[in-house]
(Lines give C-alpha, C1' and ligand atoms only; values in the text may rest on other atoms or scores of the structure.)
Protein backbone atom coordinates (compact mmCIF):
# COMPACT_ATOMS: atom_id res chain seq x y z
CA UNK A 1 0.00 0.00 0.00
CA UNK A 2 0.98 3.61 -0.44
CA UNK A 3 0.40 5.72 2.66
CA UNK A 4 0.69 9.47 3.19
CA UNK A 5 1.99 10.32 6.62
CA UNK A 6 1.62 13.80 8.13
CA UNK A 7 3.54 15.12 11.13
CA UNK A 8 2.34 18.04 13.21
CA UNK A 9 3.61 20.40 15.89
CA UNK A 10 6.92 19.55 17.48
CA UNK A 11 7.02 16.31 15.46
CA UNK A 12 7.72 18.31 12.31
CA UNK A 13 11.02 19.27 13.93
CA UNK A 14 11.79 15.78 15.16
CA UNK A 15 11.24 14.37 11.67
CA UNK A 16 12.39 17.43 9.76
CA UNK A 17 9.32 17.23 7.57
CA UNK A 18 5.59 17.79 7.55
CA UNK A 19 4.80 14.95 5.16
CA UNK A 20 6.33 11.69 4.08
CA UNK A 21 5.10 9.21 1.53
CA UNK A 22 5.55 5.49 2.26
CA UNK A 23 5.31 2.67 -0.29
CA UNK A 24 5.03 -1.05 0.16
CA UNK A 25 3.33 -0.82 3.57
CA UNK A 26 1.77 -4.14 4.66
CA UNK A 27 -0.11 -3.05 7.79
CA UNK A 28 -0.51 -0.32 10.37
CA UNK A 29 2.18 -1.94 12.59
CA UNK A 30 4.48 -2.19 9.64
CA UNK A 31 4.04 1.54 9.03
CA UNK A 32 4.68 2.36 12.69
CA UNK A 33 7.94 0.39 12.65
CA UNK A 34 9.08 2.05 9.44
CA UNK A 35 8.41 5.49 10.92
CA UNK A 36 10.19 4.60 14.15
CA UNK A 37 13.18 3.40 12.16
CA UNK A 38 13.27 6.56 10.07
CA UNK A 39 12.82 8.90 13.06
CA UNK A 40 13.97 7.20 16.27
CA UNK A 41 13.61 10.49 18.20
CA UNK A 42 9.84 10.33 17.76
CA UNK A 43 9.59 7.82 20.61
CA UNK A 44 10.50 10.55 23.10
CA UNK A 45 7.27 12.41 22.41
CA UNK A 46 3.63 11.92 23.24
CA UNK A 47 1.42 11.67 20.23
CA UNK A 48 -1.85 10.29 18.97
CA UNK A 49 -2.42 8.90 15.52
CA UNK A 50 -5.29 9.64 13.18
CA UNK A 51 -6.19 7.69 10.07
CA UNK A 52 -8.18 9.70 7.53
CA UNK A 53 -8.99 12.35 10.16
CA UNK A 54 -10.12 9.90 12.83
CA UNK A 55 -8.11 9.18 15.93
CA UNK A 56 -7.31 5.48 16.23
CA UNK A 57 -6.50 3.66 19.42
CA UNK A 58 -5.95 0.12 18.30
CA UNK A 59 -4.35 -1.16 15.13
CA UNK A 60 -6.76 -0.25 12.34
CA UNK A 61 -6.91 -1.78 8.89
CA UNK A 62 -5.11 0.49 6.44
CA UNK A 63 -6.12 0.92 2.84
CA UNK A 64 -4.13 2.12 -0.10
CA UNK A 65 -3.68 5.92 -0.11
CA UNK A 66 -4.85 6.37 3.46
CA UNK A 67 -3.66 9.48 5.27
CA UNK A 68 -2.02 8.85 8.64
CA UNK A 69 -1.33 11.77 10.99
CA UNK A 70 1.09 11.87 13.92
CA UNK A 71 -0.26 14.46 16.34
CA UNK A 72 1.28 15.73 19.59
CA UNK A 73 -1.15 17.00 22.28
CA UNK A 74 -3.37 19.76 20.88
CA UNK A 75 -2.51 23.26 22.06
CA UNK A 76 -4.88 25.43 20.04
CA UNK A 77 -7.61 27.68 21.31
CA UNK B 1 -38.38 68.07 56.58
CA UNK B 2 -38.53 68.37 52.82
CA UNK B 3 -38.21 65.06 50.99
CA UNK B 4 -37.89 64.30 47.28
CA UNK B 5 -39.69 61.13 46.30
CA UNK B 6 -38.96 59.31 43.02
CA UNK B 7 -41.18 56.64 41.45
CA UNK B 8 -39.89 54.13 38.93
CA UNK B 9 -41.18 51.57 36.47
CA UNK B 10 -44.85 50.72 36.68
CA UNK B 11 -45.17 52.96 39.75
CA UNK B 12 -44.81 56.03 37.54
CA UNK B 13 -48.13 54.99 35.98
CA UNK B 14 -49.78 54.24 39.28
CA UNK B 15 -48.81 57.65 40.65
CA UNK B 16 -48.95 59.50 37.35
CA UNK B 17 -45.58 61.08 38.07
CA UNK B 18 -41.88 60.32 38.29
CA UNK B 19 -41.17 62.74 41.12
CA UNK B 20 -43.05 64.34 43.99
CA UNK B 21 -41.83 66.80 46.57
CA UNK B 22 -43.13 66.47 50.15
CA UNK B 23 -42.91 69.15 52.86
CA UNK B 24 -43.42 68.94 56.61
CA UNK B 25 -42.47 65.26 56.82
CA UNK B 26 -41.82 64.15 60.41
CA UNK B 27 -40.45 60.65 59.86
CA UNK B 28 -40.09 57.83 57.38
CA UNK B 29 -43.41 56.29 58.51
CA UNK B 30 -45.07 59.65 58.18
CA UNK B 31 -43.80 59.87 54.59
CA UNK B 32 -45.02 56.36 53.78
CA UNK B 33 -48.54 57.16 55.07
CA UNK B 34 -48.64 60.39 53.08
CA UNK B 35 -47.64 58.55 49.92
CA UNK B 36 -50.19 55.82 50.55
CA UNK B 37 -52.89 58.43 51.04
CA UNK B 38 -51.94 60.23 47.84
CA UNK B 39 -51.67 57.04 45.77
CA UNK B 40 -53.74 54.25 47.31
CA UNK B 41 -53.16 52.04 44.25
CA UNK B 42 -49.48 51.75 45.12
CA UNK B 43 -50.30 49.10 47.74
CA UNK B 44 -51.16 46.64 44.98
CA UNK B 45 -47.57 46.52 43.79
CA UNK B 46 -44.33 45.05 45.03
CA UNK B 47 -41.64 47.59 45.60
CA UNK B 48 -38.50 48.29 47.57
CA UNK B 49 -37.54 51.68 48.93
CA UNK B 50 -34.14 53.35 48.70
CA UNK B 51 -33.05 56.39 50.67
CA UNK B 52 -30.23 58.33 49.01
CA UNK B 53 -29.49 55.39 46.68
CA UNK B 54 -29.40 52.75 49.38
CA UNK B 55 -32.10 50.14 49.82
CA UNK B 56 -33.65 50.31 53.30
CA UNK B 57 -35.44 47.48 55.04
CA UNK B 58 -36.43 48.97 58.37
CA UNK B 59 -37.54 52.48 59.17
CA UNK B 60 -34.47 54.66 58.65
CA UNK B 61 -33.92 58.14 60.05
CA UNK B 62 -34.70 60.71 57.37
CA UNK B 63 -32.90 64.01 57.00
CA UNK B 64 -34.00 67.18 55.31
CA UNK B 65 -33.71 66.98 51.50
CA UNK B 66 -33.21 63.21 51.45
CA UNK B 67 -34.14 61.42 48.23
CA UNK B 68 -36.52 58.50 48.64
CA UNK B 69 -37.09 56.10 45.72
CA UNK B 70 -40.00 53.68 45.23
CA UNK B 71 -38.69 50.86 43.07
CA UNK B 72 -40.59 47.87 41.63
CA UNK B 73 -38.57 44.66 40.99
CA UNK B 74 -35.64 45.39 38.68
CA UNK B 75 -36.03 44.11 35.13
CA UNK B 76 -32.91 45.44 33.42
CA UNK B 77 -30.10 43.51 31.84
CA UNK C 1 -20.29 51.32 33.83
CA UNK C 2 -21.76 53.50 31.14
CA UNK C 3 -25.41 54.21 30.46
CA UNK C 4 -26.03 54.76 26.76
CA UNK C 5 -29.00 56.63 25.29
CA UNK C 6 -30.70 54.20 22.89
CA UNK C 7 -29.20 51.00 21.44
CA UNK C 8 -25.52 50.08 21.77
CA UNK C 9 -24.12 50.24 18.24
CA UNK C 10 -21.89 47.57 16.70
CA UNK C 11 -19.30 50.36 16.36
CA UNK C 12 -19.35 50.92 20.12
CA UNK C 13 -18.96 47.18 20.70
CA UNK C 14 -16.02 46.85 18.35
CA UNK C 15 -14.42 49.91 19.96
CA UNK C 16 -14.59 48.09 23.31
CA UNK C 17 -13.05 45.00 21.77
CA UNK C 18 -10.24 46.98 20.16
CA UNK C 19 -9.52 48.81 23.41
CA UNK C 20 -9.42 45.48 25.29
CA UNK C 21 -6.76 44.31 22.86
CA UNK C 22 -4.28 47.04 23.71
CA UNK C 23 -3.20 45.23 26.87
CA UNK C 24 -0.73 42.50 25.97
CA UNK C 25 -1.13 40.80 29.38
CA UNK C 26 -4.66 39.86 28.34
CA UNK C 27 -5.24 36.33 27.15
CA UNK C 28 -9.01 36.07 27.21
CA UNK C 29 -12.07 38.24 26.78
CA UNK C 30 -15.53 37.06 27.65
CA UNK C 31 -18.39 39.16 26.33
CA UNK C 32 -22.10 39.07 26.84
CA UNK C 33 -24.50 40.97 24.60
CA UNK C 34 -28.15 41.31 25.48
CA UNK C 35 -30.46 41.90 22.55
CA UNK C 36 -34.09 42.99 22.46
CA UNK C 37 -36.13 39.97 21.43
CA UNK C 38 -39.17 40.19 19.17
CA UNK C 39 -41.25 38.23 21.68
CA UNK C 40 -44.86 37.41 21.00
CA UNK C 41 -47.08 38.66 23.83
CA UNK C 42 -50.76 37.77 23.65
CA UNK C 43 -50.62 37.69 19.88
CA UNK C 44 -48.63 40.91 19.46
CA UNK C 45 -44.95 41.24 18.72
CA UNK C 46 -42.62 43.35 20.85
CA UNK C 47 -41.26 46.05 18.58
CA UNK C 48 -39.09 47.83 21.15
CA UNK C 49 -38.22 48.09 24.81
CA UNK C 50 -38.04 51.35 26.68
CA UNK C 51 -35.52 51.21 29.51
CA UNK C 52 -35.62 53.56 32.46
CA UNK C 53 -33.00 53.70 35.16
CA UNK C 54 -32.39 55.27 38.53
CA UNK C 55 -29.10 56.44 37.11
CA UNK C 56 -27.35 57.69 40.21
CA UNK C 57 -28.09 54.45 42.05
CA UNK C 58 -27.18 52.36 38.99
CA UNK C 59 -23.73 53.92 38.97
CA UNK C 60 -23.30 53.34 42.70
CA UNK C 61 -24.47 49.72 42.58
CA UNK C 62 -22.40 49.03 39.47
CA UNK C 63 -19.31 50.22 41.31
CA UNK C 64 -20.05 47.85 44.17
CA UNK C 65 -20.60 44.94 41.75
CA UNK C 66 -17.43 45.65 39.80
CA UNK C 67 -15.35 45.90 42.96
CA UNK C 68 -16.74 42.69 44.40
CA UNK C 69 -16.11 40.74 41.18
CA UNK C 70 -12.62 42.22 40.86
CA UNK C 71 -11.76 41.08 44.36
CA UNK C 72 -13.30 37.63 43.91
CA UNK C 73 -11.25 36.80 40.78
CA UNK C 74 -7.53 37.55 40.90
CA UNK C 75 -6.76 37.09 37.21
CA UNK C 76 -9.02 39.89 35.94
CA UNK C 77 -7.55 42.81 34.03
CA UNK C 78 -10.62 44.87 33.18
CA UNK C 79 -14.39 44.91 33.40
CA UNK C 80 -16.83 46.93 31.36
CA UNK C 81 -20.63 47.29 31.50
CA UNK C 82 -22.74 49.23 29.00
CA UNK C 83 -26.50 49.41 29.42
CA UNK C 84 -29.05 51.27 27.33
CA UNK C 85 -31.64 53.70 28.56
CA UNK C 86 -34.56 54.91 26.48
CA UNK C 87 -35.86 53.19 23.40
CA UNK C 88 -34.17 50.10 21.90
CA UNK C 89 -35.80 48.34 18.95
CA UNK C 90 -36.15 44.57 18.58
CA UNK C 91 -32.90 43.18 17.19
CA UNK C 92 -30.78 45.91 18.79
CA UNK C 93 -28.31 45.48 21.65
CA UNK C 94 -29.13 46.95 25.07
CA UNK C 95 -26.46 45.38 27.29
CA UNK C 96 -22.75 44.72 26.83
CA UNK C 97 -20.58 43.10 29.46
CA UNK C 98 -16.91 42.53 28.76
CA UNK C 99 -14.43 40.87 31.07
CA UNK C 100 -10.74 40.69 30.24
CA UNK C 101 -8.43 38.35 32.11
CA UNK C 102 -5.10 36.64 31.79
CA UNK C 103 -6.72 33.28 31.17
CA UNK C 104 -10.05 31.93 30.00
CA UNK C 105 -11.44 30.34 33.17
CA UNK C 106 -11.85 33.51 35.18
CA UNK C 107 -12.86 35.64 32.19
CA UNK C 108 -15.78 33.29 31.53
CA UNK C 109 -16.84 32.83 35.15
CA UNK C 110 -16.60 36.51 36.03
CA UNK C 111 -18.61 37.53 32.97
CA UNK C 112 -21.40 35.08 33.81
CA UNK C 113 -21.43 36.35 37.38
CA UNK C 114 -21.56 40.00 36.30
CA UNK C 115 -24.55 39.34 34.05
CA UNK C 116 -26.47 37.84 36.97
CA UNK C 117 -25.51 40.69 39.31
CA UNK C 118 -26.59 43.27 36.74
CA UNK C 119 -30.04 41.67 36.51
CA UNK C 120 -30.25 41.38 40.26
CA UNK C 121 -28.79 44.62 41.58
CA UNK C 122 -29.14 47.44 39.06
CA UNK C 123 -32.28 49.61 39.37
CA UNK C 124 -33.32 49.47 35.72
CA UNK C 125 -36.81 48.78 34.38
CA UNK C 126 -38.10 47.76 31.00
CA UNK C 127 -41.38 48.53 29.33
CA UNK C 128 -42.27 46.51 26.26
CA UNK C 129 -43.72 48.44 23.32
CA UNK C 130 -45.89 46.18 21.20
CA UNK C 131 -46.51 46.42 17.49
CA UNK C 132 -49.84 48.22 18.01
CA UNK C 133 -48.05 50.77 20.24
CA UNK C 134 -49.61 49.41 23.40
CA UNK C 135 -47.19 49.25 26.32
CA UNK C 136 -46.53 46.74 29.03
CA UNK C 137 -44.19 47.09 32.01
CA UNK C 138 -42.16 43.94 32.36
CA UNK C 139 -42.91 42.26 35.68
CA UNK C 140 -40.16 40.23 37.22
CA UNK D 1 -15.98 26.97 11.74
CA UNK D 2 -13.60 29.16 9.80
CA UNK D 3 -9.81 29.05 9.83
CA UNK D 4 -8.35 32.51 9.28
CA UNK D 5 -4.84 33.24 8.00
CA UNK D 6 -3.19 35.45 10.63
CA UNK D 7 -4.94 37.40 13.40
CA UNK D 8 -8.71 37.85 13.55
CA UNK D 9 -9.31 41.55 12.97
CA UNK D 10 -11.64 43.71 15.06
CA UNK D 11 -13.52 44.31 11.80
CA UNK D 12 -14.13 40.57 11.40
CA UNK D 13 -15.34 40.39 14.99
CA UNK D 14 -17.75 43.27 14.64
CA UNK D 15 -19.01 41.77 11.38
CA UNK D 16 -19.89 38.59 13.31
CA UNK D 17 -21.65 40.65 15.96
CA UNK D 18 -23.64 42.61 13.38
CA UNK D 19 -24.64 39.42 11.59
CA UNK D 20 -25.74 37.85 14.88
CA UNK D 21 -28.01 40.85 15.42
CA UNK D 22 -30.05 40.28 12.30
CA UNK D 23 -32.09 37.56 13.95
CA UNK D 24 -34.82 39.13 16.08
CA UNK D 25 -35.44 35.85 17.95
CA UNK D 26 -32.04 36.25 19.56
CA UNK D 27 -31.93 37.58 23.08
CA UNK D 28 -28.37 36.81 24.10
CA UNK D 29 -24.94 36.47 22.58
CA UNK D 30 -22.01 35.04 24.48
CA UNK D 31 -18.59 35.62 22.95
CA UNK D 32 -15.16 34.40 23.83
CA UNK D 33 -12.03 36.00 22.38
CA UNK D 34 -8.64 34.40 22.82
CA UNK D 35 -5.71 36.80 22.60
CA UNK D 36 -2.00 36.09 22.28
CA UNK D 37 -0.40 36.96 25.60
CA UNK D 38 3.01 38.57 25.91
CA UNK D 39 4.12 35.87 28.36
CA UNK D 40 7.59 35.93 29.88
CA UNK D 41 9.39 32.62 29.23
CA UNK D 42 12.78 32.18 30.87
CA UNK D 43 13.40 35.90 30.73
CA UNK D 44 12.19 36.45 27.18
CA UNK D 45 8.85 37.83 26.06
CA UNK D 46 6.60 36.04 23.60
CA UNK D 47 6.25 38.30 20.59
CA UNK D 48 4.01 36.05 18.49
CA UNK D 49 2.48 32.63 18.21
CA UNK D 50 2.55 30.56 15.07
CA UNK D 51 -0.47 28.28 14.78
CA UNK D 52 -0.54 25.20 12.63
CA UNK D 53 -3.57 23.06 12.06
CA UNK D 54 -4.55 19.77 10.51
CA UNK D 55 -7.20 21.68 8.66
CA UNK D 56 -9.25 18.89 7.19
CA UNK D 57 -9.54 17.19 10.58
CA UNK D 58 -10.20 20.53 12.32
CA UNK D 59 -13.22 21.08 10.10
CA UNK D 60 -14.47 17.56 10.71
CA UNK D 61 -14.04 17.73 14.50
CA UNK D 62 -15.54 21.24 14.62
CA UNK D 63 -18.64 19.93 12.88
CA UNK D 64 -18.98 17.19 15.49
CA UNK D 65 -18.51 19.67 18.34
CA UNK D 66 -21.02 22.13 16.93
CA UNK D 67 -23.59 19.40 16.38
CA UNK D 68 -23.18 17.99 19.86
CA UNK D 69 -23.51 21.42 21.51
CA UNK D 70 -26.51 22.28 19.33
CA UNK D 71 -28.26 19.11 20.42
CA UNK D 72 -27.35 19.54 24.10
CA UNK D 73 -28.86 23.05 24.37
CA UNK D 74 -32.30 23.58 22.89
CA UNK D 75 -32.37 27.39 23.04
CA UNK D 76 -29.41 27.97 20.71
CA UNK D 77 -29.87 29.89 17.48
CA UNK D 78 -26.36 29.97 16.04
CA UNK D 79 -22.77 29.02 16.80
CA UNK D 80 -19.62 30.39 15.23
CA UNK D 81 -15.95 29.50 15.65
CA UNK D 82 -13.03 31.38 14.10
CA UNK D 83 -9.47 30.24 14.71
CA UNK D 84 -6.24 31.64 13.33
CA UNK D 85 -3.53 29.74 11.54
CA UNK D 86 -0.08 31.13 10.88
CA UNK D 87 1.47 34.06 12.71
CA UNK D 88 -0.44 36.08 15.30
CA UNK D 89 1.37 38.81 17.25
CA UNK D 90 1.06 39.37 20.99
CA UNK D 91 -2.03 41.47 21.63
CA UNK D 92 -3.87 40.10 18.59
CA UNK D 93 -6.90 37.81 18.61
CA UNK D 94 -6.53 34.18 17.49
CA UNK D 95 -9.84 32.65 18.56
CA UNK D 96 -13.43 33.86 18.43
CA UNK D 97 -16.37 31.82 19.66
CA UNK D 98 -19.86 33.26 19.45
CA UNK D 99 -23.03 31.62 20.66
CA UNK D 100 -26.44 33.15 20.05
CA UNK D 101 -29.48 31.96 21.95
CA UNK D 102 -32.93 33.05 22.93
CA UNK D 103 -31.89 33.60 26.53
CA UNK D 104 -28.72 34.21 28.47
CA UNK D 105 -28.33 30.96 30.45
CA UNK D 106 -27.76 28.67 27.50
CA UNK D 107 -25.77 31.24 25.51
CA UNK D 108 -23.28 31.52 28.37
CA UNK D 109 -23.09 27.80 29.17
CA UNK D 110 -22.80 26.68 25.56
CA UNK D 111 -20.05 29.22 24.86
CA UNK D 112 -18.01 28.05 27.86
CA UNK D 113 -18.46 24.46 26.75
CA UNK D 114 -17.43 25.20 23.16
CA UNK D 115 -14.22 26.88 24.33
CA UNK D 116 -13.25 23.77 26.30
CA UNK D 117 -14.12 21.45 23.42
CA UNK D 118 -12.06 23.56 21.01
CA UNK D 119 -9.01 23.26 23.26
CA UNK D 120 -9.61 19.58 23.75
CA UNK D 121 -10.68 18.30 20.34
CA UNK D 122 -9.29 20.47 17.56
CA UNK D 123 -5.93 19.40 16.08
CA UNK D 124 -4.20 22.78 16.29
CA UNK D 125 -0.71 23.47 17.62
CA UNK D 126 1.04 26.61 18.74
CA UNK D 127 4.69 27.56 18.60
CA UNK D 128 5.76 30.55 20.65
CA UNK D 129 8.13 32.99 18.94
CA UNK D 130 10.20 34.83 21.53
CA UNK D 131 11.59 38.33 21.25
CA UNK D 132 15.03 37.04 20.19
CA UNK D 133 13.35 34.99 17.43
CA UNK D 134 13.93 31.72 19.23
CA UNK D 135 11.00 29.34 18.99
CA UNK D 136 9.33 27.00 21.39
CA UNK D 137 6.56 24.50 20.72
CA UNK D 138 3.92 24.80 23.38
CA UNK D 139 3.62 21.53 25.32
CA UNK D 140 0.27 20.75 26.85
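Note that the chains take the letters A, B, C and D in the order they are written out, and that residue 1 is the start of every chain.
Note that in this section a contact is a pair of C-beta atoms (placed from the backbone, for glycine too) under 8 Å apart; a residue touches a chain by one contact, two chains touch by 3 or more.
All values derive from a computational prediction rather than experimental measurement.
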Rounded to the nearest Å, the gap between Cα centres of chain C and chain D is 22
Between chain A and chain C, the Cα-mean centres are separated in Å by 49
Chain-centre distance (mean CA atoms) for chain B and chain C, in whole Å, is 27
Among chain A residues, those touching two or more other chains are none
Touching two or more other chains in chain C are residues 34, 115
Contact graph of the chains (line, ring, star, complete, other): line
Chain pairs that touch, by label, are A-D, B-C, C-D
Per the touch rule above, chain B residues touching chain C in the complex are 6, 8-10, 12-13, 50, 53, 69, 71-77
Note: in the complex, chain D contacts chain C through residues 10-11, 13-14, 17-18, 20-38, 90-93, 102, 104, 107-108, 111-112, 115
Interface with chain B, chain C side, in the complex: residues 34, 51-54, 56-57, 60-61, 83, 95, 115, 118-127, 137-140
